[in-house]
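Shared between the two complexes below is subunit A, which has subunit B as its partner in the first and subunit C in the second.
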Partner chain A sequence: MNSSALIHAVIDGVLTGSVYALMATGLTLIFGVMDIINVAQGIFVILGAYLSYALSVHWGIDPFVGLVITIPTLFLVGIVVERAFIGRLKGPEKTAMSILVTYAISLVIEGSLNMIFSVNYVQISASYVNKTFRIFGVYFAYIYVYGFIMAAILLVALYVMLYRTRFGASIRASLADQTAAALVGIDVKRVSTICFGIGIAVTAAGGMVFGATNAFNASTSYDLISRLLVIIVLGGMGSLGGALLAGILMVTLEDIVGVVWSPVWSIIAFYIVLVIVLSIRPQGLFGKQSARVA
Partner chain B sequence: MKRKGKLFRACGVTSVAAATVMMMATASGASSSGSIAKGAPVKIGISLSLSGDFSADGLAYQQGYKLWAADVNASGGLLGHKVVLDITSDASSPTQVVTNYQKLISVDHDNLTFGPFSTLLTLPAAQTVNRYGYAMIEGAGGGPSVFQAGLKNVFDVTLPVAYDLKPFATWLTSLPASTRPKTISYVTSNDPFTQPVVQEAQKLIGKSVKTVYNKVFPAEATDYTSIADAVAAAKAQVVVLGSVDVPTVSAFMQAFEQAHYTPKAFIATAGPDQGASFIKAVGAGNADGMMVPNSWYGGSKNAASRKMVAEYVKKYGGTAAGVNADIAEAYSVGQVMAQAVTATKGFSNTAIIKYLHSGATLSSVQGSVKFDALGENTAQTAYTFQWQGAKFVEVNPVSDPGAVKVLFPKPAWGK
Partner chain C sequence: MLKKKVNLLWLVALAIALFVPNIITNPAYRQIAVITLIFTACATSWNMFSGYSGYVALGSAAFYGTGAYTMALLSLHLHVHAGGDMFWLVPVGGLAAMLMAIPIGLIALRVRRHTFVVITIAIFFVFQLAAINFGFTGGTGGLTLPYIPWMIQSYHVPFYYVALTMLVFAIALSASVRRSRFGLQLLAIRDDEDRALGLGVKVFPVKLTGFAMSAFTIGMGGALYAMMQGQIYPQFVFDPIFDISIALMAFFGGFGTLLGPILGGLVLESSQQYLTVTYSNGSLYLILFGVLFLLVVLFMPQGIVVFIRDWWAKRQDRLAAANEAVGAQGGNS
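Presenting the complex of A and B:
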């Protein structure tokens, strides 16, 4: 085994894992507040990637600058989807039904993207996407470093919003107990709508980095959603910190196993860890039992 | 209780017997008798990956099949019957493809079937249609697992994939010792299409070039960075990548560039053959020197191929070099079926299977087609293609008149 490959694996894992964590944060936020399992999160990531791609190709807007447009756009898309479909789900079957509804949304968006962009793979390009800098003999790709910084900023912003603002307190109250939150005067419906919007908005950022580091088409979303669901299960459904840790843990562990042992065992190794964690803590690393029951 | 138990048993036996009779009736009824009423169309059932992992290839196949059907119908159809394609999507799922072919045969009563995309889906699809006595002519199920299943109804119009890298291996090992690369890395997805190709290449290259990296990665991987970094760290002069699609190749190319590593030769089993789709993802500058095995390319001199390419470009735009090889594979499937129908003077699947096993040599846009007992096409030649200055050209076998000189060593990324 080559030691530089191992160092690369750890660095790649942390840098890439943070972006996966950002994508998964939206998913876990939506589940935590609304009890909605949004299986359309993968296609929203790809939608975000396509928006950045379109801005870059047609208007020459840098993908990171383009986030000023794509994040609010996807926030609005999230609000519309929540109002039109998700918010209408009621009753004890709400969580199960949400899987079907969001899957249908996913199919509609996938079909639309295929019609608009065709099924040909595309990749977001910018001058720095393939450029690197070197520290102590290790190459760092700018795109991964920028992506990591962006993910860190957005995750900190989410944290500040959740723990330092009045609206954040409303979200946390809704996360803990929706009925009690409503009883103390919180407009849970409004909180849910905005949370769904935020959950979708973060996919714009995650999608942009994903699209700059991978060739993609609409169907790429299928690979993504399975990864994102696994991250929030390991981290604990509804836990933002859990999503962050699990995202980084998943990619880093896979990368290390791939280099030290064999790539073919990398995903299996992660699932072994997942099974062990869930057998000890069925609610995931940072999840609360009540969140799973809900 | 005892009587109730007997009653249940009797009902159970009766139900099983009835179901068996119905299945047999369905199967025999579904299996095309070989005659179609005058004026009625001939329906061809096809399951394609119109969404999911293989959607890019699935949609290209759909274009190829439709192009062939349009050509056949323009010249009067098959034995005077208009061809109607009954296409349904399997979402790239090996379980859905089974359901689809069952429906196409037993519910839609399609007369003939064409294959889906990929070895992964072709095997369950061929097993399913075999139960109904249908022939499965296909162009993308060339992995050994398809032929090792012992089916008599499957016919792959494309060269078996195991031989794909033979011209490349021959070229590499025949280079003079002074210029021949010294080290090689093999890395492949654990896919039934890619693994046999890479393993066969390893056998052919043997010890002529020293192996410094040899790993398999899971087909489900979404992040290839660490695997590609490990390959780059091995610093081999040649890389053989077992890939099934553009994103895999693109991810390795990007990681290599970021690691400032340019192998002297880089061949991928699939991806660079995707024409415009590949160039759009990786950029024309980076494509230079990338190699891929295949049995067809847009610049082929075959007259039927040139006609098909012209029709394709007229209908969908682009250039000959940008035409996906999937189009030619799908078109060839239709051509072979048309020749079998004409030769057997009907639509009997039994007769078609017998005819295709007869050793007859057929023609297609990909070249000659002749099936062995396993359904492999033994008449095709493997080629290696390379991107050179935004052109997709044939480089191997070097003895082939159409081959141009290999761009070796591969230019640095982005140059």
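Presenting the complex of A and C:
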């Protein structure tokens, strides 16, 4: 192990971590506003990846340009899924039921993807996927940098929307307290639907970068969703800043452990950090202390 | 009167179950029957904690796998005679899973429901990765258990009866917990944990005990499965589908009811096994399973048992109302 490998791991971790942070932000937004744990987030990422893959293979559309098509597509998918299934859930077991419903949705998508694309691993290719450049004596692939820039732009856009617009204010109000938000005249149901759409739409972008940097098939979603869940729990469920920070921290840590010890232990380190943090701070890094659970 | 009827129904069900190996003689279908019983026992046991307390655990495959590896490692290293003697290792597998559940529960049960779900998933993945990466577990190649020299035709029959015993044990345990003070405490936690705490329920020890108890049967299930298959792989005994399957069974039948997971397990697992054996197309199966599940959750969110019970109660009410109306009319005329 040398220091340049370590630098490489840290920079790589931050670059990749930002993409995970983007996907996790969508997940935590959905949980915060709707009390829905969307375990289909992993398969939506893969769906986004396959969409970009299909566009580039069949029509030769560059994956980054293809986002213009895939992001709105997944936004619409999210809206439809929310209207058809998620919005119908109510009652005290709503959150537990949401896990099962979204899991069922993910099974249907997984089965369909397997039928359409087969279970063979694929990877999105573009001219810059394997091209590298040198900095600090370390080589980096362009795709990581582009992915980072894209994730950063989308995250900034998301934050501007949330913190600088009227609609963003109503989302944040629903995050803080649904009943109170409804009382001041916010259409919480409409906010929920759009939030779900946004939460799913970000997976199109995340999935594209994921698909360009990893070989994937539909069952890769299990690995993805477990990581995303760990990230949002670590950051504190429903906390947007927490998801952002935890995403970058965890992936960086994973990369460092991979370099210092072995890649085999890197993913275990990921889970062990979670267990340690939660035994000290059960609500996660930025989570609200839950006073009562109804 | 009603109680007697119910007890009689259980006995009839048991009597039918005892004769299943005589009716089903094809070894492939007998294997389906055994696996169905194992899963049903696991679902019943899962429901005994998660259903009663409301803490949905999605990492139970950690216990299933622990049981399976306990069976494999002990039978290999203790040089147990390959055959019926190995059945004694089944409860040992259960105990190992229960011991594993205590430290897991100490961490996972500190948090409230939503986070608990996610932590159990995370812990499950730690177990799977450990099984893949440690040396003594045989890595991805898994472990081969001592070969049991039984005839193929009747190979599954002893497993069937052991699995049936396990299921009866799981049901009896779940039923007695349900009627006990301990069970009431679990239900109180499900309804309102803070109030239960305020009323003097020692919430944490109750949850931990329930969690460990439910791990016992699940561990036994894993051990029995490993013994029957003769070969285990980390990705099959530590399987995320297992986690979700037993939860689905409980929700499908009726979350938190005694009968629900039994019904869910018998219907879902047997149909799943049958479909995989008959059609090798796993993708189609995934879609069917997903759609079926969506329908059940959306139209019978309480599960089939509660749905039927409500429907029956409504029907009785309607009948009573109709009788009353007829009676009133009769009185008038």
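Keep this in mind: the second predicted complex is superposed on the first by the 289 of 294 C-alpha atoms of A that agree within 3 Å, B and C clash if a C-alpha of one lies under 4 Å from a C-alpha of the other, contacts with A are read in each partner's own complex, and residues count from 1 in each chain.
One rule holds in what follows: a residue touches a chain if its C-beta (ideal position, glycine included) is under 8 Å from a C-beta of that chain, and two chains touch if they have at least 3 such contacts.
From a predicted model like this one, the values you see are computed outputs, not experimental measurements.
Visitor: Following the overlay on subunit A, give me a clash-or-fit verdict for subunit B and subunit C.
Guide: clash
Visitor: So in the superposed three-chain picture, is A:Ile267 touching just subunit B, just subunit C, both, or none of them (first/second/both/neither)?
Guide: Both: A:Ile267 reaches subunit B and subunit C.
Visitor: Please indicate which partner A:Val233 is in contact with in the superposed arrangement: first for subunit B, second for subunit C, both, or neither.
Guide: Touch partner of A:Val233: subunit C, not subunit B.
Visitor: In the overlaid three-chain picture, which partner chain does A:Asn114 touch, first (subunit B) or second (subunit C), both, or neither?
Guide: Both partners.
Visitor: Once chain A of both complexes is superposed, is A:Tyr222 in touch with subunit B (first), subunit C (second), both, or neither?
Guide: both
Visitor: Could you say whether A:Val65 touches subunit B, subunit C, both of them, or neither, answering first, second, both or neither?
Guide: neither
Visitor: In the superposed arrangement, which partner chain does A:Ala104 touch: subunit B (first), subunit C (second), both, or neither?
Guide: After superposing on A, A:Ala104 lies in contact with subunit C but is clear of subunit B.
Visitor: Have a look at where A:Asp255 lands relative to subunit B and subunit C in the superposition and call it first, second, both or neither.
Guide: first
Visitor: Tell me the contact category for A:Leu278 with respect to subunit B and subunit C: first, second, both or neither.
Guide: After superposing on A, A:Leu278 lies in contact with subunit C but is clear of subunit B.
Visitor: Quick check on the superposed pair: does A:Ala141 touch subunit B, subunit C, both, or neither? Answer first, second, both or neither.
Guide: Only subunit B; A:Ala141 stays clear of subunit C.
Visitor: Clash-wise, after the superposition, say which stretch of subunit B runs into subunit C: 127-135, 235-243, 307-315 or 325-333.
Guide: It is 127-135.
Visitor: Would you please give the residues of subunit A that touch subunit B in one complex and also touch subunit C in the other complex?
Guide: Shared contact residues on subunit A (touching subunit B in one complex, subunit C in the other): 107, 110-111, 114, 222, 226, 264, 267-268.
Visitor: Would you mind writing out the residues of subunit C in touch with subunit A in their complex?
Guide: Residue list for subunit C touching subunit A: 54, 56, 58, 107, 110-115, 117-119, 121-123, 125-126, 129-130, 133, 192-194, 240, 244, 247-248, 251, 255, 282-287, 289-291, 293-294, 297-298, 301.
Visitor: Give the list of subunit A residues in touch with subunit B in this complex.
Guide: Interface residues on subunit A, with respect to subunit B: 2, 4-5, 8-9, 12-13, 16, 107, 110-111, 114, 119-123, 125, 129-132, 139, 141, 144, 213-220, 222-224, 226-227, 251, 254-256, 258-259, 262-264, 266-268.
Visitor: Can you check the complex and tell me which residues of subunit A touch subunit C?
Guide: Those residues of subunit A that touch subunit C are 31, 35, 37, 85, 88-89, 91, 93, 95-97, 99-101, 103-108, 110-112, 114-115, 222, 226, 229-230, 232-233, 237, 264-265, 267-268, 271-272, 274-275, 278-279, 282-284, 290, 292-294.
Visitor: So in the complex, the part of subunit B that touches subunit A is made up of which residues?
Guide: For subunit B paired with subunit A, touching residues are 51-53, 55-56, 59, 92, 190, 215-218, 220-223, 225-227, 229-230, 233-234, 245-247, 250-251, 254, 257-260, 274, 276-278, 280-283, 413-414.
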